[in-house]
Amino acid sequence: MGTLIANPTRCAAPTYRREEPTHTKGANSMADDWLTTLITATPQEGFELAITLSRRGVKYTQPDTDVLHQLRPDYANSADSLTAASQVVATNFQTVAAANNYWR
Amino acid sequence: MGTLIANPTRCAAPTYRREEPTHTKGANSMADDWLTTLITATPQEGFELAITLSRRGVKYTQPDTDVLHQLRPDYANSADSLTAASQVVATNFQTVAAANNYWR
Amino acid sequence: MGTLIANPTRCAAPTYRREEPTHTKGANSMADDWLTTLITATPQEGFELAITLSRRGVKYTQPDTDVLHQLRPDYANSADSLTAASQVVATNFQTVAAANNYWR
Amino acid sequence: MGTLIANPTRCAAPTYRREEPTHTKGANSMADDWLTTLITATPQEGFELAITLSRRGVKYTQPDTDVLHQLRPDYANSADSLTAASQVVATNFQTVAAANNYWR
Amino acid sequence: MGTLIANPTRCAAPTYRREEPTHTKGANSMADDWLTTLITATPQEGFELAITLSRRGVKYTQPDTDVLHQLRPDYANSADSLTAASQVVATNFQTVAAANNYWR
Amino acid sequence: MGTLIANPTRCAAPTYRREEPTHTKGANSMADDWLTTLITATPQEGFELAITLSRRGVKYTQPDTDVLHQLRPDYANSADSLTAASQVVATNFQTVAAANNYWR
(Lines give C-alpha, C1' and ligand atoms only; values in the text may rest on other atoms or scores of the structure.)
Protein backbone atom coordinates (compact mmCIF):
# COMPACT_ATOMS: atom_id res chain seq x y z
CA MET A 1 0.00 0.00 0.00
CA GLY A 2 2.81 2.39 0.77
CA THR A 3 2.60 5.54 2.81
CA LEU A 4 0.56 8.69 2.52
CA ILE A 5 3.60 10.06 0.75
CA ALA A 6 3.58 7.24 -1.68
CA ASN A 7 5.62 6.00 -4.55
CA PRO A 8 3.87 7.56 -7.53
CA THR A 9 3.23 4.22 -9.09
CA ARG A 10 1.57 3.29 -5.84
CA CYS A 11 -0.45 6.48 -5.77
CA ALA A 12 -3.14 4.87 -7.85
CA ALA A 13 -6.34 3.89 -6.13
CA PRO A 14 -6.29 0.76 -4.05
CA THR A 15 -7.25 -2.44 -5.76
CA TYR A 16 -10.95 -2.80 -6.14
CA ARG A 17 -12.68 -6.07 -6.50
CA ARG A 18 -15.18 -4.49 -8.84
CA GLU A 19 -14.01 -2.43 -11.74
CA GLU A 20 -16.85 0.08 -12.02
CA PRO A 21 -16.78 2.94 -11.30
CA THR A 22 -13.08 3.60 -11.44
CA HIS A 23 -12.15 6.41 -9.09
CA THR A 24 -8.68 6.66 -10.51
CA LYS A 25 -8.01 6.25 -14.17
CA GLY A 26 -4.46 7.50 -14.21
CA ALA A 27 -2.41 8.41 -11.23
CA ASN A 28 0.68 9.90 -12.74
CA SER A 29 -0.84 13.05 -14.14
CA MET A 30 -3.11 15.57 -12.48
CA ALA A 31 -4.55 16.18 -15.92
CA ASP A 32 -6.02 12.71 -15.80
CA ASP A 33 -9.47 12.04 -14.50
CA TRP A 34 -8.80 10.38 -11.19
CA LEU A 35 -12.01 11.14 -9.30
CA THR A 36 -15.26 10.68 -11.13
CA THR A 37 -17.48 9.71 -8.22
CA LEU A 38 -17.53 9.49 -4.43
CA ILE A 39 -19.90 6.52 -4.53
CA THR A 40 -18.44 3.17 -3.56
CA ALA A 41 -19.96 -0.27 -3.24
CA THR A 42 -18.85 -0.89 0.33
CA PRO A 43 -17.60 1.02 3.39
CA GLN A 44 -14.18 -0.53 2.94
CA GLU A 45 -13.91 0.78 -0.60
CA GLY A 46 -14.98 4.12 0.77
CA PHE A 47 -12.20 4.02 3.32
CA GLU A 48 -9.72 3.20 0.60
CA LEU A 49 -11.04 6.10 -1.47
CA ALA A 50 -10.45 8.31 1.58
CA ILE A 51 -6.83 7.18 1.53
CA THR A 52 -6.58 8.04 -2.16
CA LEU A 53 -7.99 11.50 -1.48
CA SER A 54 -5.48 11.99 1.34
CA ARG A 55 -2.58 11.03 -0.91
CA ARG A 56 -3.84 13.30 -3.64
CA GLY A 57 -3.91 16.18 -1.18
CA VAL A 58 -0.20 15.62 -0.69
CA LYS A 59 0.54 15.08 -4.36
CA TYR A 60 -1.18 18.26 -5.53
CA THR A 61 0.94 20.12 -3.01
CA GLN A 62 4.22 18.42 -3.86
CA PRO A 63 4.02 16.78 -7.28
CA ASP A 64 7.79 16.17 -7.52
CA THR A 65 8.12 12.43 -7.11
CA ASP A 66 11.82 12.60 -6.29
CA VAL A 67 11.08 14.82 -3.32
CA LEU A 68 8.28 12.54 -2.20
CA HIS A 69 10.64 9.59 -2.32
CA GLN A 70 13.19 11.38 -0.18
CA LEU A 71 10.60 12.30 2.41
CA ARG A 72 9.17 8.84 2.79
CA PRO A 73 11.57 7.42 5.37
CA ASP A 74 11.13 10.36 7.74
CA TYR A 75 7.46 10.12 7.41
CA ALA A 76 6.73 6.44 7.64
CA ASN A 77 8.95 5.98 10.66
CA SER A 78 7.42 8.62 12.84
CA ALA A 79 4.53 7.69 15.08
CA ASP A 80 3.20 11.23 15.13
CA SER A 81 3.38 11.49 11.34
CA LEU A 82 1.39 8.29 11.01
CA THR A 83 -1.24 9.58 13.42
CA ALA A 84 -1.47 12.81 11.44
CA ALA A 85 -1.95 10.77 8.28
CA SER A 86 -4.73 8.80 9.94
CA GLN A 87 -6.35 12.13 10.88
CA VAL A 88 -6.44 13.19 7.24
CA VAL A 89 -7.90 9.84 6.23
CA ALA A 90 -10.56 10.15 8.95
CA THR A 91 -11.53 13.59 7.65
CA ASN A 92 -11.81 12.39 4.08
CA PHE A 93 -13.71 9.30 5.22
CA GLN A 94 -16.33 11.58 6.73
CA THR A 95 -16.90 13.05 3.29
CA VAL A 96 -17.02 9.72 1.48
CA ALA A 97 -19.28 8.15 4.09
CA ALA A 98 -21.73 11.04 3.89
CA ALA A 99 -21.70 10.82 0.09
CA ASN A 100 -22.73 7.18 0.36
CA ASN A 101 -25.37 7.88 2.99
CA TYR A 102 -23.20 5.76 5.26
CA TRP A 103 -23.95 2.65 3.16
CA ARG A 104 -27.19 2.22 5.05
CA MET B 1 -6.19 -3.13 23.73
CA GLY B 2 -2.83 -1.79 22.66
CA THR B 3 -2.03 1.52 21.05
CA LEU B 4 -3.16 3.20 17.87
CA ILE B 5 0.04 1.84 16.44
CA ALA B 6 -0.87 -1.61 17.50
CA ASN B 7 0.62 -5.03 17.47
CA PRO B 8 -0.74 -6.45 14.23
CA THR B 9 -2.41 -9.31 16.03
CA ARG B 10 -4.10 -6.69 18.13
CA CYS B 11 -5.11 -4.64 15.12
CA ALA B 12 -8.23 -6.71 14.72
CA ALA B 13 -11.47 -5.16 15.81
CA PRO B 14 -12.14 -5.03 19.52
CA THR B 15 -14.02 -7.91 21.03
CA TYR B 16 -17.69 -7.71 20.41
CA ARG B 17 -20.25 -9.33 22.58
CA ARG B 18 -22.33 -10.11 19.54
CA GLU B 19 -20.79 -11.71 16.53
CA GLU B 20 -22.91 -10.16 13.80
CA PRO B 21 -22.01 -8.18 11.78
CA THR B 22 -18.27 -8.64 11.88
CA HIS B 23 -16.55 -5.40 11.01
CA THR B 24 -13.21 -7.07 10.71
CA LYS B 25 -12.86 -10.48 9.24
CA GLY B 26 -9.09 -10.52 8.90
CA ALA B 27 -6.73 -7.93 10.13
CA ASN B 28 -3.46 -9.05 8.71
CA SER B 29 -4.17 -8.38 5.08
CA MET B 30 -5.58 -5.29 3.45
CA ALA B 31 -6.98 -7.60 0.81
CA ASP B 32 -9.33 -9.00 3.42
CA ASP B 33 -12.77 -7.60 3.99
CA TRP B 34 -12.43 -5.79 7.27
CA LEU B 35 -15.20 -3.20 7.03
CA THR B 36 -18.55 -4.37 5.77
CA THR B 37 -20.80 -1.99 7.67
CA LEU B 38 -20.71 1.09 9.86
CA ILE B 39 -23.80 -0.03 11.75
CA THR B 40 -23.25 -1.19 15.32
CA ALA B 41 -25.62 -2.36 18.01
CA THR B 42 -24.55 0.14 20.65
CA PRO B 43 -22.68 3.44 20.96
CA GLN B 44 -19.82 1.65 22.69
CA GLU B 45 -19.40 -0.73 19.79
CA GLY B 46 -19.45 2.31 17.56
CA PHE B 47 -16.67 3.90 19.56
CA GLU B 48 -14.66 0.71 19.29
CA LEU B 49 -15.24 0.67 15.54
CA ALA B 50 -13.91 4.25 15.47
CA ILE B 51 -10.75 2.96 17.11
CA THR B 52 -10.46 0.25 14.49
CA LEU B 53 -10.83 2.83 11.72
CA SER B 54 -8.15 4.97 13.33
CA ARG B 55 -5.74 2.06 13.51
CA ARG B 56 -6.47 1.13 9.93
CA GLY B 57 -5.63 4.67 8.87
CA VAL B 58 -2.19 4.09 10.33
CA LYS B 59 -1.82 0.60 8.96
CA TYR B 60 -2.67 1.54 5.38
CA THR B 61 0.00 4.20 5.64
CA GLN B 62 2.64 2.01 7.26
CA PRO B 63 1.84 -1.68 6.74
CA ASP B 64 5.27 -2.88 7.87
CA THR B 65 4.62 -4.49 11.21
CA ASP B 66 8.26 -4.41 12.26
CA VAL B 67 8.31 -0.65 11.88
CA LEU B 68 5.06 -0.31 13.78
CA HIS B 69 6.53 -2.34 16.61
CA GLN B 70 9.56 -0.12 16.81
CA LEU B 71 7.45 3.02 16.91
CA ARG B 72 5.16 1.87 19.66
CA PRO B 73 7.23 2.87 22.70
CA ASP B 74 7.70 6.45 21.46
CA TYR B 75 4.09 6.73 20.75
CA ALA B 76 2.41 5.19 23.73
CA ASN B 77 4.57 7.08 26.18
CA SER B 78 3.92 10.55 24.86
CA ALA B 79 1.01 12.51 26.24
CA ASP B 80 0.70 14.58 23.08
CA SER B 81 0.74 11.49 20.88
CA LEU B 82 -2.06 9.98 22.92
CA THR B 83 -4.11 13.14 22.63
CA ALA B 84 -3.56 13.15 18.87
CA ALA B 85 -4.74 9.55 18.75
CA SER B 86 -7.85 10.48 20.70
CA GLN B 87 -8.47 13.25 18.15
CA VAL B 88 -8.44 10.73 15.30
CA VAL B 89 -10.81 8.47 17.22
CA ALA B 90 -13.15 11.42 17.87
CA THR B 91 -13.21 12.24 14.17
CA ASN B 92 -13.99 8.67 13.19
CA PHE B 93 -16.59 8.42 15.94
CA GLN B 94 -18.41 11.36 14.35
CA THR B 95 -18.74 9.29 11.19
CA VAL B 96 -19.85 6.11 12.93
CA ALA B 97 -22.31 7.94 15.16
CA ALA B 98 -23.90 9.69 12.17
CA ALA B 99 -24.13 6.37 10.34
CA ASN B 100 -26.09 4.94 13.25
CA ASN B 101 -28.29 8.03 13.55
CA TYR B 102 -26.66 8.45 16.95
CA TRP B 103 -28.34 5.25 18.22
CA ARG B 104 -31.47 7.26 18.93
CA MET C 1 -11.80 16.17 37.57
CA GLY C 2 -8.25 15.35 36.60
CA THR C 3 -6.69 15.65 33.19
CA LEU C 4 -7.46 14.07 29.85
CA ILE C 5 -4.84 11.56 30.84
CA ALA C 6 -6.61 10.87 34.03
CA ASN C 7 -6.11 8.84 37.11
CA PRO C 8 -7.98 5.65 36.26
CA THR C 9 -10.26 6.02 39.21
CA ARG C 10 -11.06 9.46 37.86
CA CYS C 11 -11.63 8.17 34.37
CA ALA C 12 -15.20 7.39 35.23
CA ALA C 13 -17.85 9.70 33.91
CA PRO C 14 -18.25 13.00 35.68
CA THR C 15 -20.71 13.16 38.49
CA TYR C 16 -24.24 13.39 37.28
CA ARG C 17 -27.01 14.83 39.29
CA ARG C 18 -29.37 12.29 37.87
CA GLU C 19 -28.46 8.66 37.88
CA GLU C 20 -30.25 7.56 34.73
CA PRO C 21 -28.99 6.74 32.19
CA THR C 22 -25.49 5.90 33.33
CA HIS C 23 -23.03 6.46 30.56
CA THR C 24 -20.27 4.76 32.41
CA LYS C 25 -20.92 1.71 34.50
CA GLY C 26 -17.35 0.72 35.10
CA ALA C 27 -14.32 2.62 34.12
CA ASN C 28 -11.54 0.25 34.96
CA SER C 29 -12.25 -2.35 32.34
CA MET C 30 -12.85 -1.91 28.65
CA ALA C 31 -14.95 -5.04 28.86
CA ASP C 32 -17.46 -3.10 30.90
CA ASP C 33 -20.35 -1.27 29.35
CA TRP C 34 -19.35 2.33 29.69
CA LEU C 35 -21.33 3.93 26.87
CA THR C 36 -24.92 2.91 26.47
CA THR C 37 -26.34 6.13 25.08
CA LEU C 38 -25.30 9.52 23.74
CA ILE C 39 -28.48 11.13 25.04
CA THR C 40 -28.09 13.44 28.03
CA ALA C 41 -30.55 15.56 29.94
CA THR C 42 -28.71 18.84 29.52
CA PRO C 43 -25.99 20.44 27.36
CA GLN C 44 -23.65 20.45 30.33
CA GLU C 45 -24.04 16.72 30.82
CA GLY C 46 -23.37 16.39 27.10
CA PHE C 47 -20.17 18.37 27.46
CA GLU C 48 -19.10 16.14 30.32
CA LEU C 49 -19.87 13.07 28.23
CA ALA C 50 -17.63 14.57 25.53
CA ILE C 51 -14.85 14.71 28.11
CA THR C 52 -15.45 11.07 28.98
CA LEU C 53 -15.26 10.11 25.31
CA SER C 54 -12.01 12.05 24.94
CA ARG C 55 -10.47 10.28 27.92
CA ARG C 56 -11.61 6.92 26.63
CA GLY C 57 -9.91 7.65 23.33
CA VAL C 58 -6.68 7.96 25.28
CA LYS C 59 -7.33 4.97 27.49
CA TYR C 60 -8.09 2.58 24.64
CA THR C 61 -4.79 3.64 23.13
CA GLN C 62 -2.77 3.40 26.33
CA PRO C 63 -4.55 1.26 28.91
CA ASP C 64 -1.52 0.97 31.20
CA THR C 65 -2.40 3.09 34.18
CA ASP C 66 1.18 3.33 35.38
CA VAL C 67 2.21 4.89 32.11
CA LEU C 68 -0.72 7.28 32.20
CA HIS C 69 0.30 8.37 35.67
CA GLN C 70 3.82 9.08 34.58
CA LEU C 71 2.65 11.15 31.63
CA ARG C 72 0.26 13.30 33.57
CA PRO C 73 2.67 15.99 34.81
CA ASP C 74 4.05 16.67 31.32
CA TYR C 75 0.62 16.88 29.97
CA ALA C 76 -1.28 18.94 32.47
CA ASN C 77 1.45 21.55 32.68
CA SER C 78 1.71 22.31 29.00
CA ALA C 79 -0.49 25.01 27.54
CA ASP C 80 -0.39 23.45 24.09
CA SER C 81 -1.30 20.03 25.46
CA LEU C 82 -4.29 21.51 27.23
CA THR C 83 -5.42 23.25 24.05
CA ALA C 84 -5.08 19.97 22.15
CA ALA C 85 -7.20 18.28 24.80
CA SER C 86 -9.84 20.97 24.45
CA GLN C 87 -9.81 20.33 20.69
CA VAL C 88 -10.63 16.67 21.23
CA VAL C 89 -13.41 17.58 23.63
CA ALA C 90 -14.82 20.06 21.09
CA THR C 91 -14.85 17.35 18.43
CA ASN C 92 -16.62 14.87 20.66
CA PHE C 93 -19.04 17.57 21.82
CA GLN C 94 -20.08 18.04 18.19
CA THR C 95 -21.12 14.40 18.13
CA VAL C 96 -22.96 14.47 21.44
CA ALA C 97 -24.71 17.74 20.62
CA ALA C 98 -25.92 16.40 17.28
CA ALA C 99 -27.13 13.22 18.98
CA ASN C 100 -29.25 15.32 21.30
CA ASN C 101 -30.52 17.55 18.50
CA TYR C 102 -28.67 20.33 20.30
CA TRP C 103 -31.08 20.09 23.25
CA ARG C 104 -33.50 22.30 21.37
CA MET D 1 -11.24 38.79 27.95
CA GLY D 2 -8.10 36.91 28.83
CA THR D 3 -6.70 33.86 27.14
CA LEU D 4 -8.04 30.40 26.50
CA ILE D 5 -6.13 29.48 29.61
CA ALA D 6 -7.86 32.14 31.55
CA ASN D 7 -7.78 33.64 34.95
CA PRO D 8 -10.48 31.66 36.74
CA THR D 9 -12.39 34.78 37.60
CA ARG D 10 -12.31 35.55 33.91
CA CYS D 11 -13.41 32.07 32.97
CA ALA D 12 -17.00 33.08 33.37
CA ALA D 13 -19.04 33.58 30.25
CA PRO D 14 -18.44 36.76 28.31
CA THR D 15 -20.64 39.67 29.15
CA TYR D 16 -24.03 39.40 27.58
CA ARG D 17 -26.17 42.34 26.83
CA ARG D 18 -29.21 40.31 27.68
CA GLU D 19 -29.33 38.36 30.88
CA GLU D 20 -31.50 35.43 29.81
CA PRO D 21 -30.64 32.64 29.39
CA THR D 22 -27.47 32.55 31.43
CA HIS D 23 -25.03 30.07 29.98
CA THR D 24 -22.78 30.28 32.95
CA LYS D 25 -24.14 30.61 36.43
CA GLY D 26 -20.96 29.93 38.30
CA ALA D 27 -17.56 29.57 36.80
CA ASN D 28 -15.49 28.56 39.76
CA SER D 29 -16.99 25.16 40.34
CA MET D 30 -17.61 22.38 37.87
CA ALA D 31 -20.47 21.34 40.11
CA ASP D 32 -22.26 24.51 39.12
CA ASP D 33 -24.61 24.67 36.20
CA TRP D 34 -22.66 26.61 33.62
CA LEU D 35 -24.26 25.41 30.39
CA THR D 36 -28.02 25.23 30.29
CA THR D 37 -28.58 25.94 26.60
CA LEU D 38 -26.72 26.33 23.32
CA ILE D 39 -29.27 28.85 22.06
CA THR D 40 -28.11 32.45 21.84
CA ALA D 41 -29.79 35.60 20.62
CA THR D 42 -27.15 36.55 18.09
CA PRO D 43 -24.22 35.02 16.18
CA GLN D 44 -21.81 37.09 18.23
CA GLU D 45 -23.17 35.69 21.47
CA GLY D 46 -22.82 32.28 19.89
CA PHE D 47 -19.18 32.97 19.11
CA GLU D 48 -18.62 34.05 22.67
CA LEU D 49 -20.29 30.89 23.91
CA ALA D 50 -17.87 28.94 21.71
CA ILE D 51 -15.04 30.67 23.53
CA THR D 52 -16.55 29.69 26.86
CA LEU D 53 -16.81 26.07 25.73
CA SER D 54 -13.19 26.11 24.60
CA ARG D 55 -12.04 27.45 27.94
CA ARG D 56 -14.12 24.89 29.78
CA GLY D 57 -12.46 22.16 27.76
CA VAL D 58 -9.16 23.34 29.20
CA LYS D 59 -10.50 23.83 32.69
CA TYR D 60 -12.01 20.36 32.98
CA THR D 61 -8.64 19.01 31.98
CA GLN D 62 -6.58 21.19 34.30
CA PRO D 63 -8.75 22.62 37.07
CA ASP D 64 -5.82 23.84 39.16
CA THR D 65 -5.95 27.59 38.82
CA ASP D 66 -2.37 28.08 39.99
CA VAL D 67 -1.12 25.91 37.17
CA LEU D 68 -3.28 27.73 34.67
CA HIS D 69 -1.84 31.02 35.83
CA GLN D 70 1.70 29.80 35.38
CA LEU D 71 0.97 28.57 31.87
CA ARG D 72 -0.63 31.74 30.64
CA PRO D 73 2.48 33.67 29.60
CA ASP D 74 3.80 30.80 27.45
CA TYR D 75 0.50 30.43 25.86
CA ALA D 76 -0.62 33.95 25.13
CA ASN D 77 2.72 34.90 23.67
CA SER D 78 2.98 32.15 21.12
CA ALA D 79 1.52 32.69 17.68
CA ASP D 80 1.02 28.98 17.14
CA SER D 81 -0.71 28.57 20.48
CA LEU D 82 -3.08 31.37 19.61
CA THR D 83 -3.86 29.78 16.27
CA ALA D 84 -4.53 26.47 18.00
CA ALA D 85 -6.88 28.24 20.37
CA SER D 86 -8.71 29.80 17.44
CA GLN D 87 -9.05 26.30 15.97
CA VAL D 88 -10.79 25.06 19.10
CA VAL D 89 -13.09 28.07 19.06
CA ALA D 90 -13.91 27.44 15.39
CA THR D 91 -14.82 23.84 16.18
CA ASN D 92 -17.07 24.80 19.05
CA PHE D 93 -18.61 27.60 16.98
CA GLN D 94 -19.67 24.98 14.42
CA THR D 95 -21.66 23.28 17.17
CA VAL D 96 -23.23 26.46 18.50
CA ALA D 97 -24.08 27.74 15.03
CA ALA D 98 -25.78 24.48 14.09
CA ALA D 99 -27.71 24.52 17.37
CA ASN D 100 -29.05 27.94 16.45
CA ASN D 101 -29.82 26.94 12.87
CA TYR D 102 -27.19 29.51 11.93
CA TRP D 103 -29.42 32.33 13.22
CA ARG D 104 -31.26 32.32 9.90
CA MET E 1 -4.96 42.02 4.47
CA GLY E 2 -2.41 41.21 7.11
CA THR E 3 -2.03 37.95 8.96
CA LEU E 4 -4.31 35.92 11.17
CA ILE E 5 -2.59 37.74 13.98
CA ALA E 6 -3.43 41.06 12.47
CA ASN E 7 -2.84 44.68 13.15
CA PRO E 8 -5.92 45.64 15.12
CA THR E 9 -6.85 48.31 12.64
CA ARG E 10 -6.67 45.59 10.05
CA CYS E 11 -8.73 43.22 12.16
CA ALA E 12 -11.91 44.72 10.80
CA ALA E 13 -13.85 42.71 8.30
CA PRO E 14 -12.49 42.64 4.78
CA THR E 15 -13.80 45.22 2.41
CA TYR E 16 -17.22 44.38 1.12
CA ARG E 17 -18.54 45.62 -2.11
CA ARG E 18 -21.98 45.88 -0.57
CA GLU E 19 -22.45 47.61 2.73
CA GLU E 20 -25.35 45.61 4.13
CA PRO E 21 -25.31 43.64 6.34
CA THR E 22 -22.20 44.77 8.14
CA HIS E 23 -20.57 41.83 9.88
CA THR E 24 -18.18 44.03 11.75
CA LYS E 25 -19.22 47.37 13.03
CA GLY E 26 -16.24 48.04 15.24
CA ALA E 27 -13.16 45.96 15.48
CA ASN E 28 -11.29 47.58 18.28
CA SER E 29 -13.60 46.62 21.09
CA MET E 30 -15.10 43.26 21.93
CA ALA E 31 -18.00 45.18 23.40
CA ASP E 32 -18.92 46.27 19.90
CA ASP E 33 -21.28 44.35 17.73
CA TRP E 34 -19.02 42.77 15.16
CA LEU E 35 -21.05 39.75 14.07
CA THR E 36 -24.71 40.29 13.40
CA THR E 37 -25.25 37.64 10.74
CA LEU E 38 -23.53 34.72 9.03
CA ILE E 39 -25.37 35.40 5.77
CA THR E 40 -23.28 36.81 2.94
CA ALA E 41 -24.11 37.68 -0.64
CA THR E 42 -21.43 35.53 -2.24
CA PRO E 43 -19.14 32.60 -1.42
CA GLN E 44 -16.16 34.92 -1.53
CA GLU E 45 -17.66 37.21 1.08
CA GLY E 46 -18.35 34.09 3.11
CA PHE E 47 -14.71 33.09 2.86
CA GLU E 48 -13.68 36.55 3.99
CA LEU E 49 -16.08 36.31 6.91
CA ALA E 50 -14.40 33.02 7.81
CA ILE E 51 -11.11 34.88 7.95
CA THR E 52 -12.66 37.48 10.23
CA LEU E 53 -13.96 34.75 12.53
CA SER E 54 -10.52 33.15 12.62
CA ARG E 55 -8.88 36.43 13.56
CA ARG E 56 -11.47 37.07 16.22
CA GLY E 57 -10.72 33.67 17.72
CA VAL E 58 -7.16 34.87 18.19
CA LYS E 59 -8.13 38.32 19.39
CA TYR E 60 -10.52 37.09 22.08
CA THR E 61 -7.70 34.93 23.34
CA GLN E 62 -5.01 37.60 23.20
CA PRO E 63 -6.56 41.08 23.07
CA ASP E 64 -3.29 42.89 23.78
CA THR E 65 -2.42 44.50 20.48
CA ASP E 66 1.21 45.08 21.45
CA VAL E 67 1.68 41.38 21.97
CA LEU E 68 -0.04 40.58 18.70
CA HIS E 69 2.29 42.95 16.90
CA GLN E 70 5.34 41.30 18.38
CA LEU E 71 4.13 37.85 17.38
CA ARG E 72 3.38 38.72 13.79
CA PRO E 73 6.86 38.23 12.28
CA ASP E 74 7.23 34.74 13.76
CA TYR E 75 3.88 33.81 12.56
CA ALA E 76 3.72 35.18 9.05
CA ASN E 77 7.11 33.80 8.17
CA SER E 78 6.49 30.22 9.12
CA ALA E 79 5.06 27.87 6.53
CA ASP E 80 3.53 25.62 9.18
CA SER E 81 1.93 28.57 10.95
CA LEU E 82 0.36 29.69 7.70
CA THR E 83 -0.99 26.22 7.05
CA ALA E 84 -2.44 26.13 10.57
CA ALA E 85 -4.10 29.48 9.89
CA SER E 86 -5.59 28.13 6.68
CA GLN E 87 -6.93 25.18 8.70
CA VAL E 88 -8.79 27.53 11.04
CA VAL E 89 -10.19 29.45 8.08
CA ALA E 90 -11.33 26.19 6.47
CA THR E 91 -13.14 25.21 9.66
CA ASN E 92 -14.89 28.55 9.94
CA PHE E 93 -15.73 28.47 6.24
CA GLN E 94 -17.59 25.20 6.81
CA THR E 95 -19.82 27.05 9.26
CA VAL E 96 -20.40 30.06 7.05
CA ALA E 97 -21.04 27.95 3.97
CA ALA E 98 -23.61 25.83 5.80
CA ALA E 99 -25.28 28.98 7.12
CA ASN E 100 -25.70 30.18 3.55
CA ASN E 101 -26.89 26.80 2.32
CA TYR E 102 -23.71 26.80 0.24
CA TRP E 103 -25.01 29.72 -1.87
CA ARG E 104 -26.96 27.27 -3.98
CA MET F 1 0.62 22.66 -9.55
CA GLY F 2 3.02 23.98 -6.95
CA THR F 3 2.63 23.82 -3.22
CA LEU F 4 0.01 25.10 -0.82
CA ILE F 5 2.31 28.06 -0.46
CA ALA F 6 2.31 28.63 -4.15
CA ASN F 7 3.88 30.93 -6.63
CA PRO F 8 1.25 33.64 -7.00
CA THR F 9 0.96 33.04 -10.70
CA ARG F 10 0.27 29.45 -9.78
CA CYS F 11 -2.24 30.43 -7.15
CA ALA F 12 -4.94 30.60 -9.75
CA ALA F 13 -7.47 27.84 -9.85
CA PRO F 14 -6.36 24.59 -11.39
CA THR F 15 -7.02 24.15 -15.06
CA TYR F 16 -10.58 23.27 -15.77
CA ARG F 17 -11.68 21.44 -18.80
CA ARG F 18 -14.85 23.49 -18.89
CA GLU F 19 -14.71 27.24 -18.62
CA GLU F 20 -17.97 27.92 -16.81
CA PRO F 21 -18.33 28.79 -14.01
CA THR F 22 -14.95 30.26 -13.32
CA HIS F 23 -14.11 29.98 -9.64
CA THR F 24 -11.14 32.23 -9.97
CA LYS F 25 -11.15 35.18 -12.26
CA GLY F 26 -8.01 36.83 -11.03
CA ALA F 27 -5.57 35.40 -8.59
CA ASN F 28 -3.19 38.24 -7.99
CA SER F 29 -5.53 40.55 -6.16
CA MET F 30 -7.86 39.83 -3.28
CA ALA F 31 -10.04 42.61 -4.66
CA ASP F 32 -10.80 40.38 -7.60
CA ASP F 33 -13.71 38.03 -7.65
CA TRP F 34 -12.09 34.66 -7.25
CA LEU F 35 -14.92 32.62 -5.77
CA THR F 36 -18.33 33.01 -7.30
CA THR F 37 -19.71 29.53 -6.67
CA LEU F 38 -18.94 26.30 -4.83
CA ILE F 39 -20.68 24.24 -7.53
CA THR F 40 -18.45 22.16 -9.77
CA ALA F 41 -19.19 19.75 -12.57
CA THR F 42 -17.29 16.80 -11.13
CA PRO F 43 -15.83 15.60 -7.81
CA GLN F 44 -12.35 16.12 -9.18
CA GLU F 45 -13.04 19.75 -9.96
CA GLY F 46 -14.44 20.02 -6.46
CA PHE F 47 -11.22 18.62 -5.03
CA GLU F 48 -9.24 21.13 -7.06
CA LEU F 49 -11.46 23.92 -5.79
CA ALA F 50 -10.69 22.70 -2.26
CA ILE F 51 -7.02 23.15 -3.05
CA THR F 52 -7.68 26.67 -4.29
CA LEU F 53 -9.54 27.47 -1.07
CA SER F 54 -6.66 26.09 0.99
CA ARG F 55 -4.15 28.23 -0.87
CA ARG F 56 -6.33 31.28 -0.49
CA GLY F 57 -6.45 30.69 3.25
CA VAL F 58 -2.68 31.03 3.23
CA LYS F 59 -2.61 33.97 0.86
CA TYR F 60 -5.10 36.05 2.82
CA THR F 61 -2.91 35.49 5.84
CA GLN F 62 0.39 36.21 4.12
CA PRO F 63 -0.16 38.16 0.90
CA ASP F 64 3.52 39.06 0.46
CA THR F 65 4.63 36.93 -2.44
CA ASP F 66 8.31 37.35 -1.66
CA VAL F 67 7.79 35.83 1.75
CA LEU F 68 5.76 32.99 0.28
CA HIS F 69 8.55 32.25 -2.13
CA GLN F 70 11.10 32.09 0.63
CA LEU F 71 8.96 29.73 2.66
CA ARG F 72 8.29 27.29 -0.12
CA PRO F 73 11.42 25.12 0.17
CA ASP F 74 10.92 24.52 3.90
CA TYR F 75 7.36 23.66 3.34
CA ALA F 76 7.38 21.44 0.31
CA ASN F 77 10.22 19.35 1.64
CA SER F 78 8.70 18.45 4.96
CA ALA F 79 6.56 15.36 5.22
CA ASP F 80 4.63 16.75 8.16
CA SER F 81 3.98 20.03 6.37
CA LEU F 82 2.60 18.15 3.40
CA THR F 83 0.32 16.12 5.63
CA ALA F 84 -0.90 19.30 7.28
CA ALA F 85 -1.63 20.74 3.85
CA SER F 86 -3.59 17.63 2.93
CA GLN F 87 -5.59 18.09 6.15
CA VAL F 88 -6.60 21.59 5.10
CA VAL F 89 -7.59 20.34 1.67
CA ALA F 90 -9.66 17.55 3.24
CA THR F 91 -11.49 20.08 5.40
CA ASN F 92 -12.26 22.33 2.45
CA PHE F 93 -13.28 19.34 0.36
CA GLN F 94 -15.92 18.52 2.97
CA THR F 95 -17.44 21.93 2.32
CA VAL F 96 -17.29 21.70 -1.45
CA ALA F 97 -18.64 18.15 -1.50
CA ALA F 98 -21.59 19.11 0.69
CA ALA F 99 -22.28 22.12 -1.53
CA ASN F 100 -22.53 19.81 -4.50
CA ASN F 101 -24.67 17.27 -2.64
CA TYR F 102 -21.72 14.94 -3.10
CA TRP F 103 -22.28 14.88 -6.88
CA ARG F 104 -24.93 12.21 -6.40
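For reference, chains read A, B, C, D, E and F in written order, and residue numbers begin at 1 within each chain.
Basically, contacts are C-beta pairs under 8 Å (C-beta built on N, C-alpha and C of every residue); 3 or more make two chains touch, one makes a residue touch a chain.
Bear in mind that the values here come from a model prediction, so they are computed numbers and not experimental data.
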Shortest path length from subunit B to subunit E (each step joins two touching chains): 3
Chain whose mean Cα position lies farthest from subunit E: B
Chain centre separation in whole Å, for subunit F relative to subunit A (CA means): 18
Subunit B and subunit D, separation of their C-alpha mean positions in angstrom: 32
Interface hub residues of subunit E, defined as touching at least two other chains: 4, 78, 80, 84-85, 87, 91, 94, 98
Chain contact graph, described as a line, ring, star, complete graph or other shape: ring
Sequence of touching chains round the ring, subunit A onward through subunit F: A, F, E, D, C, B
Complex contacts: residues of subunit F adjacent to subunit E: 4-5, 30-31, 33-39, 53-58, 60-64, 67, 70-72, 74-75, 78, 80-81, 84-85, 87-88, 91-92, 94-95, 98-99
Interface residues, subunit E side, partner subunit F - complex: 1-4, 14-15, 42-44, 47-48, 51, 76-80, 82-87, 89-91, 93-94, 97-98, 102-104
